[in-house]
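Chain IDs A, B, C and D follow the sequence of writing; residue 1 opens each chain.
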Amino acid sequence: MVGNSFGKNFRVTTFGESHGPAIGVVIDGVPPSFPLDIDAMQKEMDRRRPGESPYASGRKEPDVIEVISGLHQGKTTGTPLTIIIRNKDQRSEDYDELANIYRPGHADFTWQKKYGIRDPRGGGRSGGRETAARVAAGAVAGQMLAAKGISIVGHVFQIGFIKAEKFDAAYIEQNPLRCADHAVAPRMMAALDKAIGDGDSLGSLVEIRATGVPVGLGDPVFDKLDARLAYAMMGIGAVKGVEIGSGFRCVKMRGGEHNDSLTADGFLGNNAGGVLGGISSGQPLIIRLAVKPASSIARPQRTIDADGNPTTISIKGRHDPCIGPRLVPVAEAMMALVLADYLV
Amino acid sequence: MVGNSFGKNFRVTTFGESHGPAIGVVIDGVPPSFPLDIDAMQKEMDRRRPGESPYASGRKEPDVIEVISGLHQGKTTGTPLTIIIRNKDQRSEDYDELANIYRPGHADFTWQKKYGIRDPRGGGRSGGRETAARVAAGAVAGQMLAAKGISIVGHVFQIGFIKAEKFDAAYIEQNPLRCADHAVAPRMMAALDKAIGDGDSLGSLVEIRATGVPVGLGDPVFDKLDARLAYAMMGIGAVKGVEIGSGFRCVKMRGGEHNDSLTADGFLGNNAGGVLGGISSGQPLIIRLAVKPASSIARPQRTIDADGNPTTISIKGRHDPCIGPRLVPVAEAMMALVLADYLV
Amino acid sequence: MVGNSFGKNFRVTTFGESHGPAIGVVIDGVPPSFPLDIDAMQKEMDRRRPGESPYASGRKEPDVIEVISGLHQGKTTGTPLTIIIRNKDQRSEDYDELANIYRPGHADFTWQKKYGIRDPRGGGRSGGRETAARVAAGAVAGQMLAAKGISIVGHVFQIGFIKAEKFDAAYIEQNPLRCADHAVAPRMMAALDKAIGDGDSLGSLVEIRATGVPVGLGDPVFDKLDARLAYAMMGIGAVKGVEIGSGFRCVKMRGGEHNDSLTADGFLGNNAGGVLGGISSGQPLIIRLAVKPASSIARPQRTIDADGNPTTISIKGRHDPCIGPRLVPVAEAMMALVLADYLV
Amino acid sequence: MVGNSFGKNFRVTTFGESHGPAIGVVIDGVPPSFPLDIDAMQKEMDRRRPGESPYASGRKEPDVIEVISGLHQGKTTGTPLTIIIRNKDQRSEDYDELANIYRPGHADFTWQKKYGIRDPRGGGRSGGRETAARVAAGAVAGQMLAAKGISIVGHVFQIGFIKAEKFDAAYIEQNPLRCADHAVAPRMMAALDKAIGDGDSLGSLVEIRATGVPVGLGDPVFDKLDARLAYAMMGIGAVKGVEIGSGFRCVKMRGGEHNDSLTADGFLGNNAGGVLGGISSGQPLIIRLAVKPASSIARPQRTIDADGNPTTISIKGRHDPCIGPRLVPVAEAMMALVLADYLV
């Protein structure tokens, strides 16, 4: 396996298994003398952690970050910044009975075929735990971007058939679903409760916005800014689609409607989603992600074991029935990493 | 500008402006002794060329490929393969009046802001002409993949509000819209005729399928196969969204419905789109692209010139009113390049 | 600062400062299921450590390796392997008086000019301590190469004017200078004792040989195997020259003498040093490094402080007067990392 | 084969075989609006060409450069700059009898073993002709560096046992050996005449100096400036050793002698060769290359054919008996490419 690094100039390499001693990240390319706010980083980590909400996995990890290089007296030294997060909740026994069965929707089958071995303890590198390291790196990038006037906000726009209709940024972190619409959040919860009751899960749509992005990021051919964003976002597990600006709605639009007219005061719309010809336009970057319904469900599913014998599987324990809410900080982190690669 | 290369092991670098002497591509990583079918490559080039159809740009380019390195007596030598395509139709005078005006939906504004200069002759590297070099490289990759049993087919699934309902692969190249449904194609044409009559354009949805893909391509963290595909596809101009398998439809699905059950005879569905945990499953890869309506339209649009003065622009001449059909070979090429990077 | 990674397929990223909490390395691209011998790794670490010899730095570090990811029940998992080495001897007070003075021959001046800040505590990333992480990674690579029949041995060929005349591999680790000639080693020590008595240091020549290397490693243009080796070796601090095979002796040779004749039984000589046209020939790889005399010397030297005022500096404490012996394991590690990038 | 690209930000990809239709180079990362002096580039090309001197290969190539992209009205556009050089002298018949025999000192043996096929027409990519493309790219880089006050000069310091003792830059291009000492050049020629008379060749030492280099180029760990230079220079065919500053002479030096003292007026010496801790110090960069005697000699040599049968080979025709003089422009080009990667 290679491919555990992201970025060129602000280069992030994550490591660690769900059930090994620790996970972590090395960031190469951190500028020197930046005062890093460790408490703020820890708060970002806490946002990704499963909490007490009924809509979150039962795994309990304090996710305390430990900076072991690149920081001196609270400031970055310009050398690689390494962050370690010790694993506490290594309940590998929970996974024993799954060791030999391919869970539908998971990487079990492909991992086994590719590597010939498979870590049965919760997905190894393909599980969600790896994303904690991304969030840690994204928190570093995010602080540096904030110092340049860039802010990144994500929210859950849709769960199942229920869509948000308003955008109240302040409300996002006040509800377990990270919905920005306080009138709609209870309906999303009700839909989720119903799915949970059925031993099932729901898909969702996550939106990430970056504001304050300067004009000129990105390159016009293969390395378009939107291409990099798509790569970053589709590299998050459970994401099945990525769109920018008008996205898939553009299919039904006409050019005269889709083109964002230019005036002396700026663009009249943002169907472009902040990118024209692969280069940022100075408008907000708006990305949406289709997040599949959680694959770990209590409902019995048909599958096979590693010997090819048909069997039935029912995933026990508490798992996020809707991945979107906990994926918001991860997608924000990836947005931050993409932008930091240009700006830091 | 950097970023004119794609891939790591089958590494493609494109070059050339719309209105310079030539465009072309160097491919580093071509295996030796492969018998390259130049006629078949030329046919791929012809598929991308504007034809006689009323739905294509008026620019006429023969797009004759010339291999100037890496080939000896019809076989690859294993050294860099370089293909040149001379530009014939360098009508830069057509663009004179656009030199100072930002066309809405184009890269004019961002290019000017980023580079401080701008090639007024048809978009330079950001225009569609650069994609001819991708198609040439994709044709090389495609032949090598075909020798391994992999085939790639694209078609236009939707134009505006009109969707294909059947998939008849043989029909795709028999109609100018590359629609796979002979009953629906005429309705798409009618919709396009109407848009053209209004001096406007339509969006579209393009689907690319790769079959015969072996299990095990891709890596589980940042370099997921689907992440690479998203990067490749979003790097095509006019693409506003990319989805794999169920894509954005997954938002409204439940886990029990979305998970592809495994049986001794294989998967029971392909909501995954051929990728699980970032690694190919052996099922067909299915990617869909949202293609925005063409930005070059005859209808007058509000915009500004390079000095910031408001003006109105109306793009003259014949331009593709729907980009999807001509984008199909480009998207097929990008699929081929992604897969060749693993397999060649 | 970027550039803390080495390799493409067996990709090593080192981190950590001399006087921070820890140094370490992440290796991306480790194959799964390899039984890693941690004790043997620790022995490699011990070889690099300053020992009790009078020819070694006074810094005492146990250099105990701690594997925090990528290993399960003694075998690699195929995921990133992370090794941490805690710093124990963080005597930063020793460096206080050096904080404002540029030590001749050190990176102090250029570091300050490039980054604007400088870690006064022993060189930060530019000190020798960073090489401990390389040795740890090289030990992993070395075990994997050994399993393929490749062995790597280094020794100190020359110190000052004294050259080894015989090569007794067994003797190398039995003397503190890593000289392979037991008759010459005492003379080298006498020369070093004299230099130490003068408050001075000596240069040296280190040779690294790799045997069992298969034919075919390397590429013929920019990425020649010898080019990669030169990059790897010149990337070790204190190395001022790299040569392969005949090296600089080739200047005085004729073609008829230099060309290694081919016979049915193989090559008749190895002036090539194991590489022809950038590709390994199957003969032993033989690389030599010119290692400058240690810059940290007791003798007073002219220099300036950060404000440009002239001053005199005399480096206190015990430092390696000849860097070659401790550099041997580092150069062996770099050889292993270059080869592992092709083979692992 | 991969590895035909060099650099990250000023990224050069060369292509073309000795006996195909053309060779050339694509440069990605050229800044826009630079007025390129094509005549000056052509003069650089002419410097590398075999001339009328008795010390040069008999191959006659005009090496006319043709810029096919990236240039508009004499200025760079910021898009990839592509230069093509048509091959005229494709006398592949000369090579027919060599097709099945491994020439000692050449890449024939390793190429055959690695790729399974081999282009018998003069070395394909491993012959000297590929370097014409490097010189073209280096000429572009060189002009851009000159605009920043950086100049690069190379010369042949030693041939066989004869060393230059003076450095007269103006004389370098006035003698066919590129020796900077007009008193010594005739003695070098006499030595070469003698070697030619014996059907043999001589080794040489080439020195490259870059002046005007700013402080701060390079990175402190793996990507030291000297490491990159070593990689660049060892990637030139026939180079067996690379040294910087004091180079191999440092072996016999003491620290007090080797350390370049710092004064308020700058460094008192340049044993460092312009690099301290991997970062440029602002002093001249001084690199020396050991260049092996030409492998193509008239003297009969023992070798084997592709079937392993012993035979004798005598290389007919006129070949450079000493590679150093023609390698000077190539090494200058590589120096320019390394520096351009930081500065352009």
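Basically, a residue touches a chain if its C-beta (ideal position, glycine included) is under 8 Å from a C-beta of that chain, and two chains touch if they have at least 3 such contacts.
The structure presented is a predicted model; accordingly, all values stated were derived computationally and were not measured.
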> Taking a step as a move to a touching chain, how many steps at least join chain A to chain C?
Replying inline: 1
> From chain A, what is the lowest number of touch steps before chain D is reached?
Replying inline: 2
> Where centres are the averaged C-alpha coordinates, which chain has the largest centre distance to chain A?
Replying inline: D
> Between chain B and chain D, what is the separation of their C-alpha centroids in Å?
Replying inline: 40
> Taking each chain's centre as its mean C-alpha position, how far apart are chain A and chain B in Å?
Replying inline: 28
> Using the average of all C-alpha atoms in each chain as its centre, how far is it in Å between chain B and chain C?
Replying inline: 48
>> Show the residues in chain A shared as contacts by 2 or more other chains, in ascending order.
In response: 1-5, 14, 124-125
> Name the touching chain pairs, would you?
Replying inline: A-B, A-C, B-D, C-D
>> Going by the contact rule set out above, which residues of chain C touch chain A in the complex?
In response: 1-5, 9, 11, 13-17, 20-24, 26, 28-29, 32-33, 68-72, 77-82, 84, 115-117, 119, 124-125
>> So in the complex, the part of chain B that touches chain A is made up of which residues?
In response: 1-6, 14, 102, 104-111, 113-114, 124-126, 130, 158-161, 195, 198-205, 215-216, 219-224, 226-235, 237, 240-264, 268, 271-273, 275-282, 290-297, 299, 301-304, 308-310, 321
